[in-house]
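There are two complexes below, and they share chain A, which is joined by chain B in the first and by chain C in the second.
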Partner chain A sequence: MISSQAARREPSGHPALEAQNLSVSFGGLNALQGFSFQLGYQQIGGLIGPNGAGKTTCFNLLTNLYQPTEGNIKLFGHEIKGAPSYHLFRWGLGRTFQNIRLFHRMTVLENVLVTQPNSSFFRTNHQHRKEALDLLDFFHLADQAEKKAGSLPYGAQRRLEIARALAGNPGVLLLDEPAAGMNPSETSQLAEQIKEIRNRFQVSILLIEHDMHLVMGVCDYLWVLNFGHQIAQGTPMEIQRNPAVIEAYLGRKERSEC
Partner chain B sequence: MNHLWRKKKFFLGGLFTLLLFVLMHSLIQSGLVSRHIQSLSVPVGLNMILALSLFLLVGMLGELSLGHAGFMSIGAYAGGLFSKAMVQVIPVWIRFPLALCVGALVAALLALLLSVPVFRLKGDYLAIVTLAFGEIVRSLVINLPFTGGAAGLKGIPKDTSFSFLYWIVVFTIWLTMWIYSSKIGLEWRAIRDNAIAAEACGIPVVSRKRTAFVVTASLAGVAGVLYSHHYSILTAEVFGFNRSIEVLVMVVLGGLESAIATAVSAFFLTIAPEMLRFLNQYRMLIYSLVLIIVMIGRNTQWEKPKWFQQRRENA
Partner chain C sequence: MAFVIAMINGINLGSIYALIALGYTMVYGIAKMLNFAHGDVIMAGALSVVVLVQQFHVHPALSIFISVIFCVALGVLTEKIAYKPLRNSSSLSVLITAIGVSYLMQNLAQILFGSSLRSFPKVFRWPSVILGSVEFKMDRVITIVVTFILMFFVLWFVYRTKIGLAMRAVAQDREAAMLMGVPIDRIISITFAIGAALAAVAGFFYGVAYGFVGPYSGSMPGIKAFTAAVFGGIGSIPGAILGGFLLGLAESMVKTFISSELSDAIVFGLLIVVLLIKPTGLLGKEIRDKV
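Our next item is the complex of A and B:
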């Protein structure tokens, strides 16, 4: 068990999040096969690959929405396989969703209040509201705190989802396509914000993203998946030059055309 | 400033309830209110409690229950049998609060039992199971040896009074509002909006659903105890499917978002059939028409009045 919040803030020698030989198959389809990775303390990792490569499946395994057929997952060195989803959040694993899943009929402020771990069972007091408003302020949402979450524009909803995950004071944050549906200026803003989040909240971040500009600009390390297999890993510079990655994204050059 | 505004609101609300109580009580004592209107206060109060308790489940948790009257029935019979047995033993001022507790506890216990299998189901299936539960309770009450059968349970002491009813209604309203903005209320509403996200945000969904179900049932049990101790006679038919639906209509009309709106909706839907009595045989027809019109009106987006918005900003 991961007992104290403080334990997550110290580099303990363990990677923040680690998976070994992670595999899952649905019927006959091997959605993910033998995927291993280590996300370092306060590192920003990227998980990329073409559509259907198994990226979101990997996230769903990490948050125990699916059960892996093989392999194990460690959060700060603790095995988390088989624990219910809601325990993982309390142990410091926050996530966002590819298709936004906000509590849309609750206000922006309530969306953040509900995930605060230290607020008592019955009451949300003044202090908690202040903390929540500070967090919203960081995401430029404080002036819309009393609005219904569902009425926010798309980009703001994405930011709120990140804020909600951060309200739980996580050590690891999983972002599933945070820039999906954003315009270029919003995306570059987001890139800055992701780095700021890492520094200010001292979290390790693993993100899935199709926007290569964002991925290459933000991530310290990348893993590339294709058809459930890992085909490459390395720093963004290495990945850009990797022939297997280029092939997966652009297709193989036909010999006859040469 | 927000907490100051809250305190002020709490104080004003308390003052208002107290004044209303004094007003209504003195009107009844002085005999200015006709017996007919006086007798209306009981169904109004009961429906308010029932609607508010169902609001916790339908409005806040987002789960549909069609067997709400079943829990009321359980509370009514449990409390009624208790008081009947204890009528010579315990003085009235302890007996009635105890009966309330008994009714609430028995209803809560059965809800807890039912909640174990029931929350493996979702949506329509939950509605069907609760519907079946209501029917099972009804037929059990008719066939069990100690409930008086189809003839009904007679001779329950008339322990309740207007004051009791009034303050229990006030307590229910306060409790519902308090739950709404408390942590557990936030968690229930999060589950209603998106169960998968709620689970991923650290909320134990199934266990929270069980809590909601038990709280709802025990409040319905309280309403049942009040019913049995006012009318002093109980028959199974009173707590049929129709009653569950009536209460559900009040909750849905109340907008599923606010406790006060639910209470107001329960108030008007209870007195509406009485107000329309002069229409004789067209009464239920007009009642249905009014219901349809109000439902359409409710689903239209209304702007909040300007003064209201300004006040919120100033506070």
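Our next item is the complex of A and C:
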């Protein structure tokens, strides 16, 4: 069990997040098969692949929403099997969702405060409130703290989801299509912000994304999935030149754009 | 004057319904289940007061506290034993289990205390207050005051405390709340505990108002409070309070001015009309489909 914040911040020889031979099937369909990866400290990793490749399934396995039929997952060297999902958050795993899942009827500030289980039983103390407001400030949301989350514009809701995932001070952040629905200028801002998040919050980030400019510009390392199988891994440069990837993913996309 | 008396009786009855309806609506909102055994917790609360006062000669004022503790334990244990293992099962399985738990409680009470009605102890012996030509019975006044305090407490708890914040998060998206570190098992236990405590108090005042309690005494107020919760919009806390009062007032008015025999039929008929016009209940929120 992970005892303190400091223990998981200091590299202890373990990768921040690793999976070995991860497999899951739903009613005979192999959604993910034999997928292994290692995400290093403060590394930004990308999980790419066509729709239905098993990317979100992988995130659901990493957060214990699904149980793998085979394989294991380690967070800072600790097996996550059997731990309730809410423990993983305390062990330093934060995530966002493909379709925004904020608490829409609560305020922006409340969305961030929900994640602080260690403040006193009844009240949120001032220290936590201040930290939450600082966090919102980083995401340019502080002036909207008292608004209902559901009333924010789309891009702001995406930013709030990242802020909420960071509120628990995680060591690993999983971002599920953070740029979905954003226009090109918002996307390039997001790319800068993801790097800033890594540096400022000292987190390792694993992201799923379809926007290739974002992925290639931000990620240190990529894993490519297709029909539940890993077909390639490497740096963005290597992936761009990989024939299997071009065939399965980039190639098809380029053709459709012609 | 009949109107004023009917109003007071309606508010008295409505406040009891509202307390019970709060339990239904909170459990529905947070644990996403209809706890049909909730009505029987009312019976357990009232019956435990009768047993404590008559058999163990406990002071009535003390008996209410013991009964609240007993019902909280009953509510939390029921959830842990019967409902928690079904957390990821279909809602139909949970519903049928809840009905089973309800029968179990009724039959246990019957085995332990017999099936006959027992008279509820006379708790409030203070004289009535007479203002003009209207008589305010003390037990009515106390019921209304205490239930109002409890309702404000629940509203404060849910909207102003950290646990309440976590409860609202679980109600809106359990999975997301879980992944944001909200300990959902504990939050659901707390919800059941609050619901059961309110039911115990409601059972006490129900006993005071009607004077008799038996193993099946919980089912009628339970059904009516459930109706009130649906009427106000199930899942909505202000809705449960509003629904409870409106149902109590409607029942009291119909009994006084139309027919006491047909009162239930008329009140439930009204409910059907309201739900035809507004299927989500008065303050109900439209359920957003998740993709």
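As a working rule, the second predicted complex is superposed on the first by the 247 of 258 C-alpha atoms of A that agree within 3 Å, B and C clash if a C-alpha of one lies under 4 Å from a C-alpha of the other, contacts with A are read in each partner's own complex, and residues count from 1 in each chain.
We adopt the following convention: contacts are C-beta pairs under 8 Å (C-beta built on N, C-alpha and C of every residue); 3 or more make two chains touch, one makes a residue touch a chain.
Keep in mind the model is a prediction, meaning the values are calculated, not measured.
> Specify the outcome, clash or fit, for chain B and chain C once both structures are aligned onto chain A.
The answer is clash.
> Pick one for A:N99: touches chain B only (first), chain C only (second), both, or neither.
Second partner only, chain C.
> A:S204 contacts which: chain B (first), chain C (second), both, neither?
A:S204 sits against neither chain B nor chain C.
> Identify the partner contact of A:Q43: answer first if only chain B is touched, second if only chain C is, both if each is, neither if none is.
After superposing on A, A:Q43 lies clear of both chain B and chain C.
> Tell me the contact category for A:H126 with respect to chain B and chain C: first, second, both or neither.
So A:H126 only meets chain B here.
> In the overlay, answer first, second, both or neither for which of chain B and chain C A:Q230 touches.
Touch status of A:Q230: no partner.
> Where does A:Q157 make contact in the superposed view: on chain B (first), on chain C (second), on both, or on neither?
Touch status of A:Q157: no partner.
> Figure out whether A:T187 sits in contact with chain B (first) or chain C (second), or with both, or with neither.
Neither: A:T187 stays clear of chain B and chain C.
> Which parts of chain A are touched by chain B and by chain C alike?
63, 65, 84-86, 88-90, 94-95, 97, 101-106, 110, 113-115, 117, 119-124, 164-165, 168
> Could you please specify the touching residues of chain A with respect to chain C in the complex?
63, 65, 84-86, 88-90, 94-95, 97, 99, 101-106, 110, 113-117, 119-124, 164-165, 167-168
> Which chain A residues qualify as touching chain B in the complex?
That would be residues 63, 65, 84-90, 94-95, 97, 101-106, 110-111, 113-115, 117, 119-124, 126, 129, 146, 164-165, 168 of chain A.
> Where on chain C does chain A make contact in their complex?
That would be residues 161-163, 165-166, 168-169, 172-173, 175-185, 285, 290-291 of chain C.
> Residue numbers of chain B touching chain A in their complex, please.
On the chain B side, the touching residues are 2-3, 181-184, 186-187, 189-190, 192-194, 196-205, 257, 312.
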